[in-house]
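By letter and in written order, the chains are A, B, C and D; residue numbering begins at 1 in each of them.
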């Protein structure tokens, strides 16, 4: 009977349909020494997929700096772990759900959020903050509105129900994402540093336990679906879309944390992509043991499920655990209290094989080490990205009106307020949100403490496209800067590498360049990589997306009451610019929005300067010398002061002294490593700056209800707010 | 003041509620699981926010039928004070301890922001520390906060001073533009006939710390402590 | 026995979802669509095989849980 | 012409709501209830009076807006 499951004849075509190349097939045949069964073929196919094996990226990922005294656990586990003092650890990671979100925006985004939260709580952490980095196509593309509304509702739908505040993220639009949006979700969790759970299985004979929701035929690979049999309604094409059940996940979270408070768990692993396959293989591999699974014992949602389907299903809200012997009942009680399925579905063995049984009969048997180690790793050919043209600032024409240009920029899709989005996210639940979305970095307090975590996600893909190395550096630097602007000390990052087809040497060159730039910045800023995710093949009709290595960083601030934000608070204060303005105009927002040109080298990040300026800012904030602080990024000085004025509902005047650059260049250049401060202590700050060799200049004053550039070019705050706050709601209101 | 906080599967603002109750009363509330059929002897029962049963079917529907809610209803009859916030309000209407229903927000979107609220009745055990007409700011965070009742019921609520709070602007003006979810007559919170049960969509428990951006929510908790201790 | 339960909003109860759909249909150039109301349909399979008994059981489910009779009506259809 | 549109989840698509309702019915001592699935019913009034045309218009509405055809099926009933 059980053999029926594997009755399907394995042909070279079927193997190819499973995405296994000829070369890989050779390796597979050597490992098995025989034709794989249908179930085994499915397992190889998912384990050796780009998604699970990182076959194109692994070689380069290994070059990222991952160490530092703060790092408890770097890449290789479900999420990265860093020490935040007091015996506590922050556990965090970012993950993409790009393709599913394009197919079904609500469920795709929702299950993305669910997946990343499981990665974090499987390690023993309670999630305390979520972020999301979104990239959509051009606003006038017919699908964009629908995608924005679905993705945002999905992220909110899942995170809100879980009771985890969504405190930050980023959202930009660019035509390169028209057919391939990006949905990257990040979760930060809090755990005791001495109570972190890993996936390594151990203890021959120990029970392997399945908990959570039942397994259905969700997300079983499209290509393989074609050859699978349907038991009913075969005319109805079965959707491969996964539907999230945030309520089940909330129960799973509480049940897992309750069980984790005791000592019965040896190892635990969420079932994410490739579900039961990757979780069991990973546990066995890490523990250098074997695992035997009794698939007929798996809680099933549908009748007639096959081993193939059970092993490949991507049903959500499930976990696999190895328990200490004899602790099953204690665990079962907890999961039953939370009304979740609980089943002992296997045992740890000493064979180092993954053995699958159905009613006692073997339906699959694969040696684990080669399944994992012999998985392909490619050093794909790559070419460096040709140098972009240098834009001479003197060649960039001045706008007819500076305030007019400013208004246009601040109301452009990429700069416009994303309030419409983050007001759909519960950013306050848990009662610890100290800095809400809309600022440089969000700040959440650690329950029961004065300290908090600052977090931000960043990437400027236009920079990365123009120069992957500088762009990669810049993404890390900007994240570090955003965290610094709140007064927090940056600790570590996660990342999501979203790129096109790695089989194209120019795309692979973007990937390699970005990794190099990121590495440099991480080292210079003591900001190691502790986790991450890679999403390749993001392209439609042969056109890749802009290379988008999203950086998600966290930092710690000892006393959240001292954390700084960008809102201007007092009139008649001095505005002090920290950092040097050289007048870099290439790849800037000004060039794109005002001149309609997307070209030119991106600004260079001088990492030593970056660090010096940032450390200086942090000291000023800590010394209480600053009343508002904002880093300068897209749109330069003018956009920064506008953000600060709008946030504080208080006007400001920038005095335009002749810098030799031209006013529009001084205002809109995107030189790096800069911050704008509002302060009543300008003298002291200038003095300190001089002593530390940090460039600092008084550039204006706070007050009034308008923004004034130079001697009289003024625009009311109300008008700016309208442009800035109005764009997205107006755009979405035309929903059709 | 002794208090209890009821927990359902999917409740998620319990810690926020506990923090507020503890700050105001100096003692930790007792936690009561949804399956309980008996409640501890307390002065106040709080049903916190969240997504009990995932908000599936209707928000608050399944929690409203749980064993513990029968006990809560008995306590309500006996005059014990009960406050339901957000999902708690939805549950209280589903249990019929409060009239009306909470429907999907008129704009259909979840909304999380600080909202201005007008204290309509300052002579209740929940609001005595405020002045009538005072404008306070609490956050809202809900998808189904659109209060509905037929006009007879609404007239009765108004006539009997049972509208506790309304959505308004910073100056206390109650208008269609300040109605952030489509609620009938801008209603944000109501009382039962006896005045011992309050349901409200906004979250006073997320406005008790200067670092929350304001402490307007404290007044509600200190009112209860004063009345119930 | 299989059954379907239809739950609709009572007359006079505002229906934000229905209204939004009506509006969106208009924006999509589907003219002349009015009185859009959104309700629920719950399908279930009940062990009871006697029609009358099944119906009264489902009625009880509606009263107790499936419908909020303050704002909703329900109708039951037995499919057999 | 009045019409009703029934929107249901495709076979095999997880229905968390249905699952929760089934569970809640069990907890309320309604035994023997299985396979609970929750769908939507949309009622509308369409100006078109020709049956075939009305139907094809509503079909277009379903494809474009009312149903999420990635995970949902729909059925149309004209009431006249």
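Convention: a residue touches a chain if its C-beta (ideal position, glycine included) is under 8 Å from a C-beta of that chain, and two chains touch if they have at least 3 such contacts.
What you see is a predicted model, and the numbers here were worked out from it, not measured in a lab.
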Chain centres computed over CA atoms; the one at greatest distance from chain A is chain C
Between A-D and B-C, more contacting C-beta pairs sit at A-D
When centres are defined as mean Cα positions, the distance from chain A to chain D in whole Å is 36
Rounded to the nearest Å, the gap separating the Cα centres of chain A and chain C is 40
Here the gap between chain B and chain C, centre to centre from mean Cα coordinates and rounded to Å, is 29
Cα centroid separation, chain B vs chain D, in Å, comes to 34
Flagged in chain D as touching 2+ other chains are 16, 20-21, 24, 28, 38
Residue ranges of chain B touching at least 2 other chains are 53-54, 56-57, 62, 65
Two or more other chains are touched by the chain A residues 245, 247-248, 339
Listed in rising order, the residues of chain D that touch chain A in the complex are 9-16, 19-20, 23, 68, 70-71, 73
In the complex, the residues of chain A that touch chain D are 103-104, 106-107, 213, 216-218, 232-233, 236, 238-239, 241-245, 247-248, 301-302, 315-316, 339
Chain D contacts chain B in the complex at 16-17, 20-21, 24, 27-28, 38
The residues of chain C that touch chain D in their complex are 6, 8, 18, 21-22, 24-25, 28, 30-48, 57, 60-61, 64-66
Chain C partner, complex, touching residues on chain B are 57-58, 61-62, 65, 93-94, 96, 99-101, 103-108, 146, 148, 150, 182
